[in-house]
């Protein structure tokens, strides 16, 4: 039994982590929708969802329920295989791509070293690109299979768009790869770690080692391309409701639609994680290692949230809110205290905390852009992708390599 | 029956089934999908062989670019079920035997080729991406540049071909 | 460890299937795909050999093959689009002007 | 010795002239063409004289012929080299001067005679080309190069006979000349091959040096040398119009008169004689061959003369007289008097050229008419021509002290002394001489005396321009004085010409000086008598009003040239035509050759009909073919691996 455990420990750990990850991801996606609606509502000076549960916190559950219970009609004349395959494929790839993201540093459980993140491949970033490359099919197939000209146009558009921007995205990352000299995301994160410098050593600045070169250009190229890859505003032409009803998932309802939906948000999550890892030092803390007090920031945050929850619960209109929210607040505060008291645990939390913080910053940025920017015209999109983004990212590669050659110790 | 062997057989079966399906399917999209399956399976085999970079490139370029192009064109031309004409007697009669002959011939050659090859991937991951890139940019730099030129020409050709004459 | 010959035989089988597809499919695009299939089979053989002989050349060749295949696909599909436009059919047996 | 070292200049100049005129002349004015043609020939004439002067100086020192190898032409294997080698010895000197000198004069004459003809430049281009080949012929130092000239002059004679190629008779005559010459040349080539096989060289000096050492073939017995000589002589008969191949020469009169004068009287036709004289070493080693030569020469002399008696065409008369004079030359060679032969060759060149040119002048005067029966009484109208013609006639008839007197005399004398049967030859030659003087004076009377038999109103007779008459006068002087080299011999002195040639032919054997001299006096007297008798008969017959009577019997036979042409037609040409038409054309060409060609074509198209079915245009079928090819290549490459016993294989 025991040696079996040791032999297949890797597998077991993997399975456990997969379960946890999938659960977390789904939750995050769900609440991402909530967050999006809230933020956009406030940007547009509205309230957003607030009936279902306090602050509409139960809204995602309600949506999920709705998706599950909704009737699922299959239009006539669709290509069955592709029609069913598309959403599964999309979701599958989207979730798989998360498997290689390292959310935190290695750690020990029961004397067995493992890490945040499921697979630690030595070419993880290539794998990531491979998966994103494949994820075109979901969209294209969906558009084509559901025998509907809007869907087809949407599918064609999005596949074209994805192919075009994938190039830019890949190239924009090359700069980082040059600096890191490594394909594995963990390696990339680790080579950004220079405790005395803090955030200056991240690849976006790349002050850390002698020969780096700031990847600001690379980051912007990457970020724009990533937005396009995930078909988000201002690049959401595949589902431009004003032109083609809902793009490639016009003909999809209930769970299949949900899959597309989840896949989209997961993709957002993935690219944000990737941006974090590549340019913003992954799980690394932005502060120099000498500033020890910064390790209590998680506790601080929890205190703040708890306090806010308790404060808001006073005189909240619904009964439920008045009853539940103080409990939640106190729970948060307690967790914060526990973290503060157990240094190991606190240290264990640090990595994921920073990672998640950065990722959420990106996600917020996404939502913010959605609330702000109008949509591109299709030809503008293509022109932008091919004639601006691609050359700039290539220029970035050349520039970076040149500077590195120049500064590299010979 | 080691784990790798099992994985190999699974992937091989996947590849062969995909190839067969490519033939069986009547609709080009389905053929394309099965071809993608084959390619992914092959990528898995490459990983099994320890050639991870090639595997990644296989999926990125073949899966992510070339086959997308195929599906793209299929959709663009809205190609339907292929009509089953039988104008070429010769092909119908001689096709299968010839294919079998060639495959068998190659296989036979492999099987009794005099010198026994060492089992693949015995050297582990001897070509990590670094050595590979060394190879490309040192020994094979001229072919590499040539391929880049080839691609340029291909781009021009594709544009010239596909643009509607105005 | 998997014997190299397994890989080679597999690649032979795939190649044969590619030939069969090449002969028996009528749709130009599918035929083109079968060519890609054959190329893949060859790539497999390349990689297997390079691993067996412990030299990376094989993989370099695979990369070149892939590049060439990409170029080929670009041009070939361009031609296919043109043909389809002019002849309103993707069936190779309907495109038979190349005869006396 | 500038020229002697660069002998090639002499033939090259006419070649250049020919090339320039032939390529560019068509656009040029007559005067320009003239200057090129005359310039080239004139300069080569001057060069020839200079070369002769230098050679004589050279001979004083070395006492041998001058031979220079300019470049290799054929080098087969180590002992077979045929180069562009030129040679000068006394014989060549004579020929050289005759060719260039007479040629130059005739060029001048032609400028007047051809003035109104089409293709002026063409004519002179051919003429210069002829000069080139003729000079090659006489300068050649080996048989092969000589043969080049030999064939070249044949070509030019063909071109010039057929100069008026729009006239069928002219074209036919050209072809006839060419074909008849081919027969001779065939023999000539065989002779060359035989000589080469025997001596492994064809250079004159070495070959003759070897031949001189050989024992002569006995009389009446045919050894290699005899056969070779006979074959060479066959070529000579072709070129020099001897029996049986003389038939082309009379027809050759279709060409322009200057051509007849230059080629068919003065130079080319004497090439045969030249060759025989050149290879005298061989001939002296083949007595039987000599005998044949003598007989044929003698026979021709008489035979042609008889035909000449009755011809009515002024040029035909001269043509037959040419044939008979050539016969004299061969007679001389046959009896071993090569020097006399060459002597007669030279004098004949002078007076026969003179006669032809005068005849041309006459024809020119009466407007292109050649029939003597429609002439007469021209003496008053064209005095210069008359006198020139008369000089020529007296010369050929052999009156003292004109050229032919000496040369013909020498020949007859040699014949008389020849053993055995020299007497017979002498008698026949003498008869021929009588006939010669007869038909020549007949020509004079018919042409210049009596009353005019032409229509005075149509034809207005006029003297020719200077550029025609001046050469006539020069030639007349030469015809008068040409023989005087031998003048002293008559008075017991020495024969300068023979002595000059002696280095080539060996010392002339004077059979007992004074007795020979006395005998020679007698013989020459007899010859004079013969000539006079001919004159007398002619006077008797034609010095009155004459009409072209109904020809009968012997006259008819002679008039139709013994029906030789008809005989040839029946015996040779007819069967040959029949063979060509019914066998070669109908069977071989149409049947076999065309059959094969068409068969190939049909076969190809048949195969195509079968094979084209592979070109179905169906891509899938093509795919199958591709696979078949791939399979074949696999088989070739990998078969050894399937059978490890087989060594090698591709890995």
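A, B, C and D are the chain letters, set down in written order, and residue numbers restart from 1 in every chain.
Just so it is clear, a contact is a pair of C-beta atoms (placed from the backbone, for glycine too) under 8 Å apart; a residue touches a chain by one contact, two chains touch by 3 or more.
Keep in mind that this is a model prediction, so the values were computed, not measured.
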* **Nearest-to-centre chain - CA centroid comparison** => C
* Structure fact -> Chain-centre distance (mean CA atoms) for chain B and chain D, in whole Å, is 86
* Asked: So what's the Cα centroid distance for chain A and chain C, whole Å?
  -> 37
* To do: Using mean C-alpha positions as chain centres, tell me how far chain A is from chain D in Å, no decimals.
  => 112
* Cα centroid separation between chain B and chain C, in whole Å? -> 6
* Asked: What are the residues of chain D that contact at least two other chains?
  -> 616, 618, 620, 623-624, 627
* Which residue numbers or ranges of chain C touch two or more of the other chains? -> 19, 23-24, 26, 93, 96
* Structure fact -> By the touch definition above, chain A meets two or more other chains at residues none
* Report the complete set of touching chain pairs. => A-B, B-C, B-D, C-D
* Structure fact -> The residues of chain C that touch chain D in their complex are 19, 22-24, 26, 31, 92-93, 95-100
* To do: Provide the residue numbers of chain A that touch chain B in the complex, in ascending order.
  => 79, 81-82, 85, 121-123, 126-127, 129-130, 132-134, 136-137, 140-141, 143-144, 152, 155-156, 159-160, 163, 166, 183
* chain B residues touching chain C - in the complex, by the definition given at the top -> 2, 4-5, 8, 12, 15-16, 19-20, 22-23, 28, 31-32, 35, 38-39, 42, 45-46, 48-51, 53-54, 57-58, 61-62, 65-67, 69-70, 73-74, 76-77, 79, 82-85, 87-88, 91, 95-96, 98-100, 102-104, 106-107, 110-111, 117-123, 126-127, 131-132, 135-136, 139-140, 143-144, 147, 150-151, 153-155, 157-162
* **Interface residues, chain B side, partner chain D - complex** => 87-88, 90-91, 94-95, 98-99, 101-102, 105-106, 108-109, 112-115
* Over in the complex, which chain B residues touch chain A? Could you list them? => 27, 29-30, 33, 36, 40, 43, 52-53, 56-57, 59-60, 63-65, 68, 71-72, 75-76, 128-129
